[in-house]
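Same chain, two partners: chain A is paired with chain B first, then with chain C.
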Partner chain A sequence: MRTKTIAMPRAVADWVPPEWVTSRGVRYGIVGVAAILLLVYPLLSDDRYYQNMIILSLVFAVGATGLNIITGYGGYVSLGQGAFIGLGGYTAAILSTKVGGNPFVWVPAAGVVAGLFAALLGMIAMRARGHTFVILTIVFLFLLQIVSINWRVLTNGTAGLTTPLPTWSVDIANWPFYYALLGLLVLSIAMSWWIRRSKFGMGLVAIREDEDKAETVGVNTPVYKILGFVASTVFVGMAGAVYGYYLSFVDPLGMFNILLSVQIILSVLLGGRGTLWGPVLGAFIVEPLNEFANNSLGGGNVRLLVFGGLMALVVLFMPRGIVPAITEFIEGRRTRGRAGLVGERLGAAIELKKRDVPLARPAISAQMLLEVKNVSKRFGGLQAVDGASFGVPQASITALIGPNGSGKTTLFNLIDGTMSLDRGEVWFDGRQIDRMKPWNRAHAGIGRTFQITRLFREMTVLENVVAPVREFKLRQLGADAVSGHEAERAEQLLDFVGMLKYRDARASALSYGQQKLVELAQVLMLDPKLILLDEPAGGINPTLIERMGEVIKELNSRGKTFLIVEHNMPFVLGLCDPVRVLGRGQLMAQGTPLEIQKDPRVLDAYLGEDFAVEEEPVKA
Partner chain B sequence: MSAILSLKGVVAGYGGGDVLQGVDLELEENSVACIVGPNGAGKSTVLRSISGLLDPRLGAIALDGQRINGRAPAEILAMGISQVPQSNGLFPNLTVKDNVLMGAYIRRRDKAFLHRRYDELAEFFEVLAERGQEKAGNLSGGQRRMVEFARSLMMEPKVVLLDEPSLGLDPKALRMVHESVKRMVERGRSIVLVEQNVRFGLKLADHGIVMESGRVLLDGKAQDVLKNPEMAALYFGGTVKEQLPQVPAVPA
Partner chain C sequence: MTEFVQTLILGLLVGGVYALLASGLTLIFGVMNVINIAHGAFLILAAFITYSIWSATGLDPLAAILITTPAMFVFGWIVYNVTLRRIRTGPAAATVLLTFGLALVVEGLMGITWGNTAHAVTAPYFNESFHLGSLFLPKAQVYGGIIAIAVLAVLWIVLTQTWLGRAIRAAAVNPQGAALVGVNVSGVAAATFAVGVASAGAGGSIVSVLYPFLPGSHYVWISRLLGIIVLGGMGSLPGALIGSLMLGIAETMTVTYISPAWATAVPYALVFVVLLIRPNGILGTRLREDVVT
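Let's look at the complex of A and B:
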C-alpha cells in the first residue's frame, strides 16, 4: 500500500521526539498518574455525576479488556460481550434475592457462571470462523434476553429484579462499587498482561494471524480459542454483578442490550486492539462521550450518531487505534534518516563449512517413514490429486517434482492435514494419519514450510521461530512466551539461516526470500522427524541456496527425513535421492536423479526435450 | 542510446529507517536491466520506488527526463511504467480476459481502447486467445505469469518492472518467460527485472546490477557481471562458469 503523507505544519512534521518520550519511565508515569487519580477521586470530589461516569467507564473498561483477549489477541470479534455483563448482573441479583446475602458475596459466582457460559458458547461458536462466528455471538445475546424475559420464576420476566438496598452510609454510597470495579479492572489488566507474554497468548496471536498455519505448527486451536473465550469473560461477569447491584435493578432490556456490546467493541477498536492499555483508554473516551451525548446533545438516540461517527473516524484516520497510531508515529519520526535493517554482505556469515571428510549420508533404509497410498483430492471440477501413491524412505532426502499444477502442493496439504483427502490413506511412522488433526500430525513429527510464505506477520522474527508447539500440555500454556532456553535455540537457528540480525523485526517487514529463511528456522524449531519443504530455493539468493543444501544434508546426517518440492533442478539433482515425479495428480515416474534426467516421459512433461543440467549440481 | 529511466541518490524506506541508502541507476531505452543481490538488499524496494508504491524520502527518479517521484502510482502508470508483482497477483475468480483488462483500469471507460489492446495482446500471448474466458484460478503457474505480463502491457508502458518472474515456475514455463521478455523488448519496451535466479536473470539481461545493503555495488554489462569472480563467489553460488548457459529453445 502506498505510504500516505498527511499535510501538517512544518514544525510538527520535522519534530523528532527525544528518547525519553517513549522510555519506560514515561509510560509507567502516565499509567501511575492515571491510577492514582482514579484511586483518590472519590476522596476529593463528591460529584455524583462524575463518579457515575467513572463507574460506568470502569464497567466498560473491564468489558473491553476482556474482549481484547479474544478479539485483539485471538482475532475473533464477538458481539456477545455485553451478554456477560448481563449474565453477571442476573447471577448476583438472583442469588441474593433467592438465596440471600449481599450481592457482593456473589460476585465470584457471577464470574464462574460467565466463564461456564463462555465455554459452552465457545464449543459451539468456535467451530465457525469470520462472519458466522459474529452472528452466533449475537444469537447468543438475544437468546439470553429471551430466556430472561420468559423464565419468570427465576428472573421475574420483563419486570426485572430489584437487588437489596446498600446497607452502608449514604455519604459513601458509591465507594464500594467504585473500588470493587477498580479492583476488577486491575485484575483484568494483570491477566491480559500475563496472557500476552505467555505461550497461551502467543498461540492466540498465531490464530489471529493465520489459523491454518497455527495448526500446522502444532497449536491445538480449539482449546486455545475456548480458553481464550473463557478468559475474556470471567472478570466481565464479575463486573456485571457489581454493575447490577450499583443500578439496584436488573431487567432483560437493560442487561442484554446490544448497545453494551457495541460500546465495548468501539472502545477496543478506538484504543487499539491487541494492545494492553488501548481498550482501557478507549472505554474512558467512549463512555464520557456517551454521557455527553445523552446530557448535552439532546439525549435519545443521538449517542448512536456519535458512536457511528466515531467508528467512521477511527476507520479513516487510525485504523489500528489510538495507542498503535501514537507508537507508530513516534517510531517513524525517530528512525527518519537512519539506516534501516538491510541484508548484509553474506561473505563471512555464509562461509560454508570446510570438511575434510564429506558428510556421511545415512543409508537409506527400505523402510518408509511416510507412505501415500492411492490418495485423491478434487476441487470442484478439478481433480488435483488422482490416486497418487509413493513412499518416502526413512532418513532419505526425497524430491517431489513435476510441472506447475501437477498436485504437489495439494499433496503437501493432504499430508500435513491442512486439507482432508477424498480417498486413499496416508501412513506416517507406522500410523495411519489421514484422519488426524493438523496439530496432532505436527506433534507426531511432521513439519512443513509453505510455497508462499506464511509467517505470523505481526509477530517479530524471534516470536515466529518460537511459536511452534511440539506437544500439547495444559500447564505449558502459562509458560513464558519466549523462555531463555527457547530464545537461545531460536537464535541458533536464525543464525543458521543468516537472519539473526532481524531477530526483533516484524515478520511483515521482511522481503519474500527472508521470510522463506525464517520459515525454515520456524519448522526446524518443531524438531520434526519428517520435514516437508515447498520450494525452499525459490526467491533465495544462490549462495544461500548452497547454504540451505548444506543445512539439509547436515540435518539428514543426524537422521532427519526430507520431502522437497522444488523446480531448481541443479539443487534437486545434487541433493535428493530418490526422486518422485508427479504428473496430473499421479505418480508418473520415480528413481535416482540419473534415471529421472533420462526418462523420456519426464523430459517431455516437465524438463523439456533439450534438458541438460547447465551447472554442476550442489556438491554432496 | 539515451537513458529512459534514471534514479539519482534515491533514499527510501518503510518507516523503520532507510532501506535504500542512495541508489543511482540508469536504464537504456529498449533494453533489459537485471538487479541481483542477497535477500534484503533492497531490490524490490527499488521497484516499489519506481512504480510509486513507495515514496522516496530523498533523490530523484525520472522517466524520459521527467521527474516521477512524488506522483501517485496511477499517474506513474499513465506516464508509462507498469509493474508485475512478485507472485500470485491475479484475481482467481475473474476470467483471464477480465484480469488482463484490469491492467487498464485507469482507462476503464474507453471500451474501444480496451478491446483493441486486448486483441493485440491476444496475438502476442497464446493463453489469452485460447483460454480468455476461463477463470484465472484454473491456469497453470506459467500461464498465470503470461497473463500477468499481458496485464502489465495493457497501458502500452515504456518501462515494465518484473519482480522475480521466474519464481515458482517449472523449467518449461521458465522458457516461456524468457521468450516473452525477449519479445517485449523487440516491441520496444524497456525492462527492469529483479531476480534471485541469477543465471536466468543475467542471461536475459543486457545490463547487470548487483545490490547490497541498500546500495549499488556493481553495475555493468550483464555478461561481465555474471563472470565477475568476486560477485560469483559472494552471491551467485558455486564457481564461475566461463560458458554461459544456452539460450532456451522457443516453446512449442
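Let's look at the complex of A and C:
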C-alpha cells in the first residue's frame, strides 16, 4: 500500500522528546485529564449545546469502541453498526410504552436484544469468508428499517414512538443520560481492553492477520467471529436505549439511518482501528465536526461531502488512524539513533546449547501415529495427489521427500485440513480425521509450519506464540494471554528455540530464519503429538539450520513425532528415519536413509545418478 | 393463472434490469476483489444525467444509454485512477470503506446539483402497455428489460470475444500469471472498473424510466445489488444472473400476493434464508486461496 507522509515543519521533525514523554505516558496523561473533564463537566457548565454534543459523542464512542472489536481486532468491517443503536432504542421504547416503566429499566434488555440479533446475523454471515459479512450488515440495516416502517403494531410505522418523559428535576435534566452513557463507555472500554489481552482477542487478531493460518493453530474461527460480533454490539444496544430516551422519540429514519453507521466507522478509522483509545478519540472528533457541518455549513448534502470525503481521505492517506500515527511519531523520536534489536547479529541472540552427551533417540515403535490411506486431490486438470498411502510411526522423525510438484505440500494441506481431500482417508492417533475442521485437527494434536512462514505479521513475537488454542473451552477464551500462565509457557517455548530476546518485536520485522523458529514455537504451544514441518531448512543460513536440527532432535527425544518435507538432503538424511519418497502424487519408495540413497528409482526421479552425501550429515 | 404468469414475466423483466446492474458489480469484484459500494450511487448519477438530457432535449431516455454508457465509462476510469489505484493491492476492507466514502460524496454532489426530491423521467410510452391475450405488460418495463438483456449480451461478447475480455478474465483468475504473459494488470483493472461503471450507466438510464429516484435512492439499490451477488455467489456472472431473476420474481410476487410495502423486505429475507443453507451463495464455492503464499 502506498501512503504519503505529510511534510512536517523542521522544528517538529527535529524534536526529541524528554525522557518522560513516552507514548504510553502521553496516552495515560491525556486519557486521565479527559476522564476528569468528562466527569465534572455537567457540574461546571449548564451549556445545553455542549452537553448535547458530549452526549452524542458518548453514544458514538460506545458504538465505535464496540465496532472496533469486530473491525479493528477481527478485521471484519461492519457497515451496520448503527442498526444496533436503533435496535436498542426501539427495544427500550417499545417495552416502556407497551409494558411500562422507565426506559432506563429496559437498558439491559436492549443490550440482550442487540446481542441476540448480532448472534443471529453472525451465524448467517460469519460462516463464509471475506466480503459476505460486510454486505449482509448493510442488507441487515435496511431490512430492519423496512420492518420498523411496516410492522406498525409494534413500531407505530414511520410516525415512530414517543418515550415517556423524564420524571426528574429540570435542573439536572441531562445528567442521568450523560452519566449513564459515560458509565456505558467505561464498561465498553474495559471490555475492549480485556478482550485485547485475552486468548479470545489474540484469536480475533489472528483471524484478521491470516484466517487460514489461525485455523491451523486451533482457532475455531466461526465461533470467534460470532462471539466477537456479539461483543461489538451489546453495549451499543444499551447506549441506543439511552439515546432513544434522550431524544424522547424513535422513528425508522432516525434510528436506522446509515449515517449513524457512517459516523461510527469514521470514528474508528480516524482514531485508529485496533487501538483501545482511537475509536473514542475519533468519536469526540467526528461528532463536533458533524455539528459544525450541520450548523455552519448547511448540513444535508455538505455533511455527506464532509463524511464521505473524510472517509476516502483517511483510507487513502492515513489508513492506520491518529493514535498509531502519534504513537509511532513519539516512539520514533525517542529511539532515534539506537540500534534496533532486530538488526542485531543473530549469533549474539541465539546461543547454541552444546551438549556433551548426544541425545538419546527414542525407540521408533511399529505403531503408526498418522496414516494416509489412498488419498487423492485434484485441482481442475491437475491431479496433485493420486492415491498416496504411507504412515508416520510413533516417535519417529519421518521425512517426506520428492521432486517439486510431487504433491508434498498438498498432502500437508490435506493432513492439517487446510484443504479437503477428494478421496481416501487420513487417520491420526486412532481416529479418522479427514472430515474434521482444521482447528479440531489442531486440538487433536497436529501442528504444522508453512513452507513460506505465515506468522501474524502485525502481532508481536510473544502474541504470535500465545495465539494458538489447544482445546476449545469458553473459559480458556477469557484467559489472560499477555501475562500469567499462558505467557509464561510461551516465553519458555521462545527460550527453547532461542528467540526469547525478541518477544516484543513485531513478527514482520524478523528475518526469515527467525520467523521459522518463532513459527515452530507457535506450533509447540499447541502441545502437538505430531509436528508437520514444511521445509524447515529452506532459505535459512547454516547456523540456523543447525539450530533447527537440534531443536527437532531435542523435541523428538521428548516424544514428539515429526513429518518433515525438505530438499536439503544432508539435513534430511542425517536427521530422519524413515524416509518416504513421493513422485507424481504417489508413494514411490520408502525405507531408511541408506536404502533410499541406493534406490535406483529415487536416484532416477529425484536425487540424480551421481548423488552422494559428501558432507557429513548434520550433527547435534 | 393469468395474474401469476403476468407477475412472473414482470419479475423476469425486472430481474433482467437487476442482472445488468449486478453484473457490473460482480465483474469488478471478480477481477479486482473490490466491493464497489459506490455502484448504486453511480447508477443514480446516470439516472440524473439521463433526466437532464431528457428534460433539456426531449431525447428518449432509453436512447440516452448511448450517451450515459460512454460517459460513465470515462467517469469510472477517472475515479479508478484518482482513488482506487492507490490501494488496489491493499487490504480488502480499505476498498470497501473507500468506495463507501465515494458513494457519500456522489450522493452529496447529486443533492447539491439536482436537489433531494424524487425525480422521474416520463418516456412517451410510460403509461402504455402491450396486450398479449389476457396479459398486460407495461411498455416501459418490456423495453427496459429487453434493452438491459441486450446490453448484458454485449458485455458478455466483450468478455468472451475480445482481447480486453480475455485479459480481464485472465487477470481475474491469476493476476501474476496474466502479468507474466504481458497483460498490464493495473491497466486491465482500470478498464474493468470502467466497464463495470459503464454498465451502471446503461442500467441507470433504464432505472430512470422505471422508478422514481432521488440521491438517497442509492442505498436501496446498492443493498439490493449486493444481496443479489451474495445470493448468486460472489464474483460469479451466472450467479449474478440467477440471483437477479430470483430477486426480481420474489419482489413482483410479493407486490402481487402479499403487499407492496413488504416488496423490498421479502427479497432481503430470501437472501438470509438462502445463505443459511448455502453460506457461499447459490453458485459460490469457497475460493481456493493459495495456501503457500
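Odds and ends about this structure:
Everything that follows uses one rule, which is that the second predicted complex is superposed on the first by the 581 of 620 C-alpha atoms of A that agree within 3 Å, B and C clash if a C-alpha of one lies under 4 Å from a C-alpha of the other, contacts with A are read in each partner's own complex, and residues count from 1 in each chain.
Everything that follows uses one rule, which is that a residue touches a chain if its C-beta (ideal position, glycine included) is under 8 Å from a C-beta of that chain, and two chains touch if they have at least 3 such contacts.
This one's a predicted model, so the numbers in the text were calculated from it and none came from an experiment.
Of the two partner chains, both chain B and chain C are touched by A:Gln451. In the superposition on chain A, A:Thr71 contacts chain C only, with no contact to chain B.
Of the two partner chains placed around the shared chain by superposition, neither chain B nor chain C is touched by A:Met436. In the superposed model, A:Val134 makes contact with chain C only, not with chain B. Within the superposed three-chain model, A:Tyr606 lies in touch with chain B and out of touch with chain C [touch as defined at top].
By the touch criterion defined above, A:Ala173 reaches neither chain B nor chain C. On chain A, the patch touched by chain B and the patch touched by chain C overlap at residues 1-2, 451-452.
Residues 1-3, 5, 328, 331-332, 335-347, 382, 402-405, 451-452, 502, 505, 509-514, 517, 535, 538-546, 567-569, 606-612, 614-616, 618 of chain A are the ones touching chain B in the complex. Those residues of chain C lying in contact with chain A across their complex are 29, 35, 37, 83, 86-87, 89-94, 96-98, 100-109, 111-112, 116, 215, 219-220, 222-223, 226-227, 229-230, 234, 261-262, 264-265, 268-269, 271-272, 275-276, 279-281, 284, 286-289, 291-293. The touching residues of chain B, when paired with chain A in their complex, are 13-19, 21, 37-44, 52-55, 57, 72-73, 86-88, 138-142, 164, 167-175, 196-199, 212-214, 234-239, 241, 245-246, 248-249.
Every residue of chain A that touches chain C in the complex is listed here, in rising order: 1-2, 71, 75-77, 79, 124-125, 127-132, 134-136, 138-139, 141-143, 146-147, 149-150, 212, 258, 262, 265, 269, 300-305, 307-313, 315-316, 319, 379, 409, 413, 418-419, 450-452.
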